[in-house]
Every structure is written in C-alpha cells, then in structure tokens.
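Letters A, B, C and D mark the chains in the order given here, with residues in each chain numbered from 1 onward.
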Amino acid sequence: MADDLKQIIAARAGRELKDGQIINLGIGLPTLIANHVPAGVDVIIQTENGAIGVGPQPDPGCEDRDRANAGNQPISLLAGGSYFDSCTSFAMIRGGHLDATFLGTLQVDGEGNIANYMVPGKMLAGMGGAMDLITGAKIVHIVTEHCAKDGTPKLMKACTFPLTGAKECDVIITERALFRRHPDKGFVLEEVAAGHTLDDIAACTDMAYVVADDVKLDAFGE
Amino acid sequence: MADDLKQIIAARAGRELKDGQIINLGIGLPTLIANHVPAGVDVIIQTENGAIGVGPQPDPGCEDRDRANAGNQPISLLAGGSYFDSCTSFAMIRGGHLDATFLGTLQVDGEGNIANYMVPGKMLAGMGGAMDLITGAKIVHIVTEHCAKDGTPKLMKACTFPLTGAKECDVIITERALFRRHPDKGFVLEEVAAGHTLDDIAACTDMAYVVADDVKLDAFGE
Amino acid sequence: MPKNKVVPIEEAMSRIKSGMSIAVGGFIGQGDPLTLIDHLKTMDVKDLTIYENDAGYRERGVVELVRLGKIKKVVASHVGTTPYIGKAMNEGTLEVEVVPQGTLAERMRSGGAGLGGFLTPTGIGTTYGESREQIEVDGRTYLLEKALKCDIAIVRAHRGDTWGNLMYRGTSRNFNVPAAMCADYVIAEVENLYTLGELDPEAVHTAGIFVDAVVRANIDYCVLREEAYHNG
Amino acid sequence: MPKNKVVPIEEAMSRIKSGMSIAVGGFIGQGDPLTLIDHLKTMDVKDLTIYENDAGYRERGVVELVRLGKIKKVVASHVGTTPYIGKAMNEGTLEVEVVPQGTLAERMRSGGAGLGGFLTPTGIGTTYGESREQIEVDGRTYLLEKALKCDIAIVRAHRGDTWGNLMYRGTSRNFNVPAAMCADYVIAEVENLYTLGELDPEAVHTAGIFVDAVVRANIDYCVLREEAYHNG
C-alpha cells in the first residue's frame, strides 16, 4: 500500500480514539495510528507480546531488543507502563479489558466477519494475536485499503477465506470511506473521503451496507 | 491430640523425607514435621498461600504479618525462596510440581480415600487447599492420631464423611503404625510403634490392610 | 498518560449496591482489604454475595459484615478461622458454599481472562465433584469449573500508583491478584501511594488495566503487622 | 537449601531425544533461547515437534533447526516472520499448525497447572474453531482447548539463580513464563547467573520449582540487543 494512503487511513482511525481508551494496534498500518492521536486525547497502548503504556519509538541508538512491540519495532515505555507474560497479556485481551483494537485485513463482510490470516493454498502467516483481539476487544476496527492489489473488493458480500473472527467487526476505515456497524441496520456508510462519490464507493464495495441519512461527503479532510 | 503423640507422628513422618523434595505441610500437626527433617536431608517447603522456601519461625519480635503460612503462623524465607499469588501457587500444586504433601484427616480408608473437611450436619471448615494438594502432590501422606477422640477408628473400612480426595492416599502415619499403599496389595502395615502389637493395631483399625512380611515391630524409636 | 484513578473511598465504594457479588482479596488476614471492609460496615447495603478464600481471621474481616447482616452468602475454600461463620450458617442466617482453594482462585482468573471455565482433576470422585459437570479429555475425567465474574472486587496492595498498578508484600499477594482481575469494578486500597513511573515496570504484580479505583488505606498496616503476634 | 541446578549445556540438552515435543519461549527473537537452539543444531536428533509463538525472526531461531531437518512439526500462532517456514511447509518437509496466540500461551499454562484444558470464546464461528470440541456454558458457546504438556521446554531469562528462579527483561518475558511451566524437563539459559538470595523474592517471574536445569548463556545478548536495530 502506498504510504500516503496508509497515512490517510491512520489519520482517520486516530480520530476514532477517545480519551482514556486502552487500545492494541496490529502490525503494519495500524501501528501508524499511534502517530495520529488527536491533541487532548490520551490513550494507553498495549502490545500483546507483553507491555502496556507503549510510548514513542526511541531515538536511533537508544533502541533495546527487549523493548519491542509485536512487530519487533523498538518501543519506549511511558511512566505507569509495565511488562508481563503472554498469559497475562491475553487475559487482558480476551477478558474485555481493552477498549479497542485496530487491525488490517484481507477480507471483511457485512456480517462483521473478518478474514486476515490465511489464503488457502497460498499463504499461511497465522492469526497471531488477532483472533483473541477480535474476540476480546470492546470495539474492533478494521483499517485497510479499500481494494486488494488486483483491484478486487476487500469489503465482500461474504468472506471466502477462513475467518479470523465471526461477526466481530464494528468499524471499517479505508482510504475512501468509513462504515460503522449498527445492531439492526448492519454497516452504515458514514463518511466518504474527499475525491470519492457515493457511486464510487458502491462500485468498489461488495459488502452490503446502507448509506447514513447524514452521510458526510468530502470527509477525512480535517 | 496430646503434644507427645504429635511429636511421635511428626518425627516418623520426617523420616519419610528425601533430600531435595519439595513439600507442602498442612495446618496443625503436619507443620511440626518441619522440625523433624533428618540431618543431611534438605527439603523445600511450599505454603499454598503463596511462598516457597519457607524457613524457620522467626524469633519473637521479628514476625511479620505479611510473611506467614496457611495457618497464619509467622515464617521466614530461605535464600532462593519467593512469593507468588494463589493461582501460581495452585499451578505448582495441581500441576504435579510438589513431591509430597502431609495432611491430617478425619477419616481415611483402604482404598486411599481421604475425608478431612466436613462432618455432615456438624462441622464445615472447608477443604481449603487440601483437595488440590491431594490431587496434585506426587506422594500424599496422612498424618493422624490412630483413633478419634471417642476412641473410634479413623482408619475406616470405608469413609463415611464426604471425601476430600478419592484413592489418593499413599502413606498413613499414626502414633502407632505406618501403612504404605502398594498398587496391588493395598495398604501394607510396615511398622508398629514400640508399645503396640500387631493385635493392638488390628483391634483399632477398621481399614483393610496386609501385614508386611518384614513388618518392623518396636519401630518409631530412632 | 494513564489517568489518575485515586478517588475518595466514599466515591469508589458507592458502586456497591445491595444484592451484588463481591470478590475479596486476602487470606485469613494476610492482605485483606480492611479499610474497604471497614467502610462497607457503615454502608446501607445487604444481600451481598462474597467470593473470598475465607471470611477473615477470628473476628476481623468479612466476618464483621456477616455479623452486621449484610451478607447473604459466602463462597470460600475455608471458613474455619472465623467461628462466627459456622454459627451463622447453622442458625440459617448465612449461606456458605465451600470450593477447593485452587479452584476458587482459578475461577476468578478465568473470569478476568475472558475464559468460560476450565477443567480440573481436583474433586473427582468426591461429593463436591458431583455438583459439577464432568468432562473426559483423552481418557481422563475432569470437573468443569465455570469462570467467575463479580460486580465488584476489593483488594489491598502494599504499593500502588495513581493508575492502579499494584505490588503486594510477601504472602499478602495470594487472592488479591485473581480477585483484581474478575470484577466489573475493581477497587484497590493501597498502603503506599506512588507517582506514575515510581514502580518498577518489571515488578508490577497487577497492571493498572485491571483496576478501576485506587483508595488510600486508612489503617496503619505496618503497626498492625508488628502487633499481630504480640497480642496473640 | 535449594539444590544447585547449574549444569553444562551438554548435560541438560542430552535429555532431548528424537521425536520429542519441545516448548520454546520467546517471541520473534525477544527472549528466544538462542544458546540452547544453537546447541540443538549440533545434536543428532530429528522429528521434533516445536510449540512456540513463532519460529524465530528472519533466519534466526527455531527456523534454523527446520533448515537442518530436525523438526517434524511446528505449532505456532504466527510463522510470517520466518519466510523459510512457509517454503518448507509448501515443499512438504514441515508440518505447520497455527493456533491463536492467547490459546497457545494458555494451553502451556494449563499443562503446567495440572488442568485438563479450558474454555475460550476465541475462534468461535471460524474454520479453526471447527477443529475443536464446542461446549456451552450458561448459554454461551466456547471452544474446549486442551492443556499442553511437552517433554522438554527451553527458555531464556535475563537473570537466574542457581535453583532456577528466573527474571526476564522487558518484552522478553512473553512465552518464557508459560513454556517454563509445561514440560517434564525445563532447561533455562540465563544471561546472568546469581547466587541464591540475590534475586528479590517479590520480583521473581518464574519460581525455581518449575525449572530443572540452569545453563549459562554463551551469547552476549547485550551486544546483540545494541546491534539489532543498527544492522537492519
């Protein structure tokens, strides 16, 4: 994914953060969201390999192999942070102690199903902590490029790859749009990024959704 | 139970200890076994409320309410000991990491059943950690006065009180005798304390047992 | 920056309502949250269900709440250290349920860890075991013990910071760790309150993520500790 | 006095035989027991089954043992950080089973804690979940995940004493804690070896009761740590 698209998505995702939330950011694009926490909002970042209170990346030369996130990037620890083992980490995650998680995906569908760990017969990375995060975090955000590299929709009628989580996705943020799932209406298109139209979104989205009455066009600009 | 009987039982139980064993001692009489560890034998004592490496009782004036055993007696901690929470404590106990436990009882029978936590309609103390200890420790020793206060046998044909553990007792040590359970023969009377005869033991023991070919009479004297 | 959870005791404890379930840390006085229990004695609540290893030691601890008629039921591994509990039970004013100590601790942890329960060999073949569903795994039979989730938890730590990171002292750690995990609202009383960053991040026993409110202990436990063995 | 478990690496590792299951601590290089893995590379063993969060990072870690043909199967939550694993799997020289990270950690802990398994909501409704027995508790469906018990565990600690009390550093703690619980024979390599009593009894992460052999690390992890981010 192009860096500028990543930054657009991360910036919009950052604006979903609420003051005081405890969050976990997946590897790759989701990690960038840490750079887009709005002013006046304090969030606490947990990393599933065993730390909470993750701070900014240390300056070059000050990294430490034993202070890293789940993507092996060096981290610092804020005052009040602590380290723990994997069982305790997933007690936090599975036990509903995280307010939100942000994860990338291969596919997501209108039922809230997420498929992001394997392409049958091709690629098996493994689900890592994603299955637990999707199950345990109070709000599950999918942050992803709207379409796959070959241009096919990632927001599907129904996921075709093995699921990482069933009916767990709450919010989908792409470089083109933001969808939020409501208990009865399913996914609602709330925002369309500047440069895109409602028709554009319809054309590149197989997933069932409804358009919000007050859908915001030319969004993502703030 | 009279103190001298307790000391006889604790002394004999102490001689069951092997160098390097990790053990847990129940509240009351079993705790006395710590004073009867034979010379040249080092054992490590775990207490289920959350310490391992329990050392001698501190001198008067040096006790500390936060360094106590499961019976609330003050303890010291030997070099190499550590503290932990109840989940970790029972991970040790249930997980088979203890070599032996020594517990008192209300009743025990020839099947190795142990009943030591309630008298229906009369007394409900609760099993505390005993059920886990009986299940998890590699060798379960029952240390008890041979008969109840009213003179009735505690070594029963079959326990009548609710069981704390089923078929888990390996060794029974009373002030009169030592029985060890063999896989096929059941409990074998191995030792009779000085001052008692084989007939005495038979008269005060309802539990089925066989007498060892090399049963040691006038024992417990060392 | 993690938020400051230090609140007046009245504010934290006002979450407790009649009929609620409360997990209580401590082990026959070792680590019992006596400041919070003392406050609860003054509150107009009743029909509480307590999950704790025991009910305190002699006349101190949850047993005091039982005497005041605030407790409907105690679920514990052992109530032999508080004779009044047996009396109340026999008089029919208190329900008591006893469960194995390791099982109770693990049930709390399971609730806090989002598990539905666990399979344990403890209790197989006993009357207690008959009260549980049995499940066979690879030829061995286990009891299915359900996760425990409480409305409130009250715990005591020796040190705590403003976000609720906690460190316990000696054998006072015990049930405070799992109790602090298993409730919707977790109140920690701390003997010594620290600024964020003062506690060693490698040595924290309960991370602040599990804790909702931090209250300063108003009991001098250090004096209590020294006196404990001199006054019998 | 707790016994001295410090032994030469050859003696500890000679317990490993072909066909055994081995739990490995660490997380994509953070806390991986590289001294022990390096030694295993020199040993004449094969058909090992590895339980680890991953298979190492890039070309370092358990992946090296896979390259040498010593590994039959890897059970991990993620193998994406070691591209060779996918290659070996596709070529049919290696079996790979992936399980959720929290499930794998908890399976190790359950094995070490004497439990038969646990009920987790993780994986419900997925293909993965279909490989597990489902159990309903109070109206909610869970997967039954079985406890894991291995023949051997190899872990790395930053500090350890002669009895095997261990302390980890930063995010290197991870799977080292549950791995050190779940095996019949647990080998810990320690970067820094301490005399009994030097480690704070309040701050020990893995108690020596879980550990069978202590080996001195022969890798300068402090140098490795400093170099890690400078050489890419």
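Miscellaneous remarks
To be clear about the criterion, contacts are C-beta pairs under 8 Å (C-beta built on N, C-alpha and C of every residue); 3 or more make two chains touch, one makes a residue touch a chain.
Bear in mind the structure is a predicted one, so any value in this text is a computation, not a measurement.
Ranking all chains by how far their C-alpha centres lie from the centre of chain B, first place goes to A.
The interface with the greater number of C-beta contacts, when B-C is set against B-D, is B-C. Averaged C-alpha coordinates give centres for chain B and chain C that are 29 Å from one another.
Chain centres here are Cα averages; for chain A and chain C they lie 36 Å apart.
Computed centre separation for the pair chain A/chain B is 56 angstrom, with centres defined by C-alpha atoms. The set of chain B residues touching two or more other chains comprises 83-84, 87, 90, 93-94, 135-136. Counting only residues that touch two or more partner chains, chain C has 106, 109, 113-115, 120-121, 168-170, 202. Inter-chain contacts, as defined above, occur between A-C, A-D, B-C, B-D, C-D.
Considering their complex, residues 47-51, 60-61, 63-70, 72, 74-75, 83-87, 89-90, 93-94, 113, 117-118, 123-132, 135-136, 162-167 of chain B touch chain C. Chain contact summary for the complex, chain D toward chain B: residues 1-3, 109, 111-115, 161-163, 165, 181, 195-197, 199, 201-202, 204, 207-210.
The part of chain C that touches chain D in the complex is made up of residues 106, 110, 113-121, 135, 137-138, 140, 142, 144, 146-147, 167-170, 200, 202-203.
Put simply, chain D touches chain A in their complex at residues 27-31, 53-54, 57, 76-81, 86, 89, 96, 98-103, 105-106, 108-109, 120-128, 158, 168-178, 205, 221, 224-225, 228-230.
Those residues of chain A that touch chain C in the complex are listed here as 20, 22, 42, 44, 46, 52-53, 77-84, 87-88, 90-98, 135-136.
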